[in-house]
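So that you can tell them apart, the chains are marked A, B, C and D in the order they are listed, and the count of residues begins at 1 in each.
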Amino acid sequence: MLDKTVATLEEAVSGIADGSTILCGGFAGSGIPTELMCALLNQGAKDLTLVSNNAGNGRLGMGELIAAGRVRKMIASYSRSVDPKNPNAAEFAEAYVAGRIELECVPQGTLAERLRAAGAGMGPFFTPTAYGTQLAEGKETRVIDGVGYVLEQPLKAEYAFIKAHQADRWGNLNYRFAGRNFSPVMCMAATTTIAQVDEIVPLGGIAPEYVMTPGIFVQRVVVVKGAQ
Amino acid sequence: MAWQKLSRQRMAQLVVDDIPEGAYVNLGIGMPVMVGECLPKDREIILHSENGILGMGPADTSRPFDTDLVNASRKPVGLVPGASISDHVVSFAMMRGGKLDLTVLGAFQVSGKGDLANWDTGAATNIPSVGGAMDLVVGAKQVYVMMEHNTREGEAKVVDRCSYPLTGAGVVDRIYTDLAIIDVIDGSLTVRGMVEGLTREELQSLTGAPLKFAAQVAVLKN
Amino acid sequence: MLDKTVATLEEAVSGIADGSTILCGGFAGSGIPTELMCALLNQGAKDLTLVSNNAGNGRLGMGELIAAGRVRKMIASYSRSVDPKNPNAAEFAEAYVAGRIELECVPQGTLAERLRAAGAGMGPFFTPTAYGTQLAEGKETRVIDGVGYVLEQPLKAEYAFIKAHQADRWGNLNYRFAGRNFSPVMCMAATTTIAQVDEIVPLGGIAPEYVMTPGIFVQRVVVVKGAQ
Amino acid sequence: MAWQKLSRQRMAQLVVDDIPEGAYVNLGIGMPVMVGECLPKDREIILHSENGILGMGPADTSRPFDTDLVNASRKPVGLVPGASISDHVVSFAMMRGGKLDLTVLGAFQVSGKGDLANWDTGAATNIPSVGGAMDLVVGAKQVYVMMEHNTREGEAKVVDRCSYPLTGAGVVDRIYTDLAIIDVIDGSLTVRGMVEGLTREELQSLTGAPLKFAAQVAVLKN
């Protein structure tokens, strides 16, 4: 019997080694796997590279990991706090200004495409995004039919942390509204995808046509009721 | 004759007037948000948000805040009938793939050739954060910029050459400022509207790149 | 008001010029826009390039277009008939053997990726598929970390012919089961996507989370009841 | 002692015995289809079809034929509980992206280095038709081939160098024939099972590439 569910958050994040790269789903406060990141704080892995659109969603989770010095590098499209008065990425800003964390700033669509290339087994690809800007500096470029392109590399990872709505024991997932965002592509790009979900439904409980992430892209599922 | 800057409200209204029925539009953060607020309810303009929402409307304030229904500024939004949800890969395919009819963005600077600088002032203390702006400008069929004509310090924001890091080169199609509406055509600027009472010489003196003037220059009023 | 529905198949295929490239959805008999292709036969456009996984699904539709000499070139992954006793692509075979039609054979996954690159506004991309085979001959290749890749080009088109299940007047689509296949990516890759559907539902009749092709990728919708 | 070729049924059973519980498997057209037919109902082996079906099962024959539920051979299929539907882009991402644990394919020829030729015999009258085979072989974690050891004319199908056009170079991990099970390890062939009564010399004489033999060579019976 194929059963990807695990009983506890502790079990969900077990075995994550120092130096791992972890894709963290979520955008602007929706679809954030906060409880998995909190569990990782307890688990102890360090020297991590985190990949996420934003560099935190308040102190809980990613902010704590960064504040605790466990994150070596952040790969993100938007690491500043959106609202300086109510900063969502204060811990990152502090670590960045102090030179304690490395940042790779990637255009948001290129971030999605680099993850997709990795998940789909592709090599590098040419994208028009960022051509002629400083984010293309040092990268191979090519002009085709008058349009400039930048060669970008696949971005794969050992782990993905995902927040989904429902799962079955085969790891099929669905998401609520814009909670979907980067999650499907991150599930594809990681060797081991760990999903925290609101609830587990029986096999077949998600209609085949409405599965948003097929279980083949998911390795561990844990229920977190009343997630942040 | 004295002249008055256009209000932000009026600038937004001018943009709205130029959006065709049924257009797919992405509104950037800052001033362009007002364009969304000015859209008449009887027009079908379909708003796109980079986090996969196509068909964004006002949030239902009678319900508790739903974190899974937010825009890129983390603000609550709603879904209009006919809305769809996509993941980030598909959402950005819409942007880069030329499917959006229009994006309206704020800017630090626009050059006379339509270069856009709106993501970083290049200050040493900045945390580089580009978001989706670079994808939008390469893909949207039309890129409109909404910004004040000059900085608070009186410096031109329409410049000969951007001193801030570029978001994209030669990507801007039209600029709406509080003084004028300026088209970027074949790498040069053509004024198609100016506030009432402003002379062409005055506008040029407030602008860092050479201006041409359309055969018909509209008179803009608040 | 935004209304992409058109009343007749004739209207749906109007304006298609000689020499156009048309993406035709469908795989192994499911999701085939047969009635649109039949309408194109009447419409008269010639010198066409058709892009489709298979080179026909019986005589009706694509087979007739090929037999009538209207198709200059076929881009497909599998142009042979699957079952020689009950051939699905007999008209193509006849035209091909007689030298009346050109064929570009593309690996199925590469076909999907080339369409996706076009639809997503990307440039060329490196894929491991076909490296070291005759389908890579004459193409740029690169070896990265010991893996060989072939550079493949985006494949865009003026038109896509799609069969979907339901649509609303904004062009939002859903599909039944494996009728989905190439359709979503073809909708993205064409300038003008024309969808024949079983039924039109009111705006909002397809739940936002279950829209499979957002209307932004669709330009014309026509109802065909009891489609082949 | 006389020896007998394995039946197709027995070959399929040998493959089934080697598939771990919970594996994601794509079965090619032709002989590999029998593997699906041999799968015991109490085992959870998840079958993938290139047209976006993950979790394929037998068709419900009590219902009329549904053209939207077919496999790559145009045959009716069903969906098991837990099945999902994807479009072609995602379906092939599973294949190329290394998510499938196993694919079982038929072959015209396999070389001693694991090169596979299974899409074209190179005959001038052939219509080039590759389908999804090239994507499968670059991506699946394990590529098994099921084929007869020799052609009807007695020629070896395990060859030193494929004379037919390649599907992929160095991609095959294991070969199941009606005479033997052969692993491809570091570019050479190691026999891990042979039909009862066949000598190593006889097997080598029927094979076009040099064979090594595992420490334990299983005895295969019908």
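The rule is simple: contacts are C-beta pairs under 8 Å (C-beta built on N, C-alpha and C of every residue); 3 or more make two chains touch, one makes a residue touch a chain.
It should be emphasised that the depicted structure is a prediction, and the values quoted were computed from it without experimental measurement.
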item: Steps needed, at fewest, to go from chain A to chain C via touching chains; value: 1
item: Chain C-chain D separation of Cα centroids, rounded to whole Å; value: 29
item: Chain B and chain C, separation of their C-alpha mean positions in angstrom; value: 35
item: Touching two or more other chains - residues of chain B; value: 79, 85-86, 89, 92, 95-96, 138-139
item: Sequence positions of chain A contacting 2 or more other chains; value: 113, 116, 120-122, 127-128, 175-177, 180, 208-209, 212
item: Contact graph of the chains (line, ring, star, complete, other); value: other
item: Touching pairs - complete list by chain label; value: A-B, A-C, A-D, B-C, C-D
item: Interfacial residue positions of chain C with respect to chain B in the complex; value: 1-2, 116, 118-122, 168-170, 172, 188, 202-204, 206, 208-209, 211, 214-217
item: Contact footprint of chain A on chain B as seen in their complex; value: 29, 49-53, 66-74, 79, 85-89, 92, 95-96, 125-135, 138-139, 165-169
item: Interfacial residue positions of chain B with respect to chain C in the complex; value: 21-22, 24, 44, 46, 48, 54-55, 79, 81-86, 89-90, 92-100, 138-139
item: Complex interface listing, chain A residues touching chain C; value: 113, 117, 120-128, 142, 144, 147, 149, 174-177, 180, 208-210, 212
item: Touch list for chain A against partner chain B, complex; value: 27-31, 53, 55, 76-80, 82-83, 88, 92-93, 96-97, 103, 105-110, 112-113, 116, 127-135, 175-185, 212
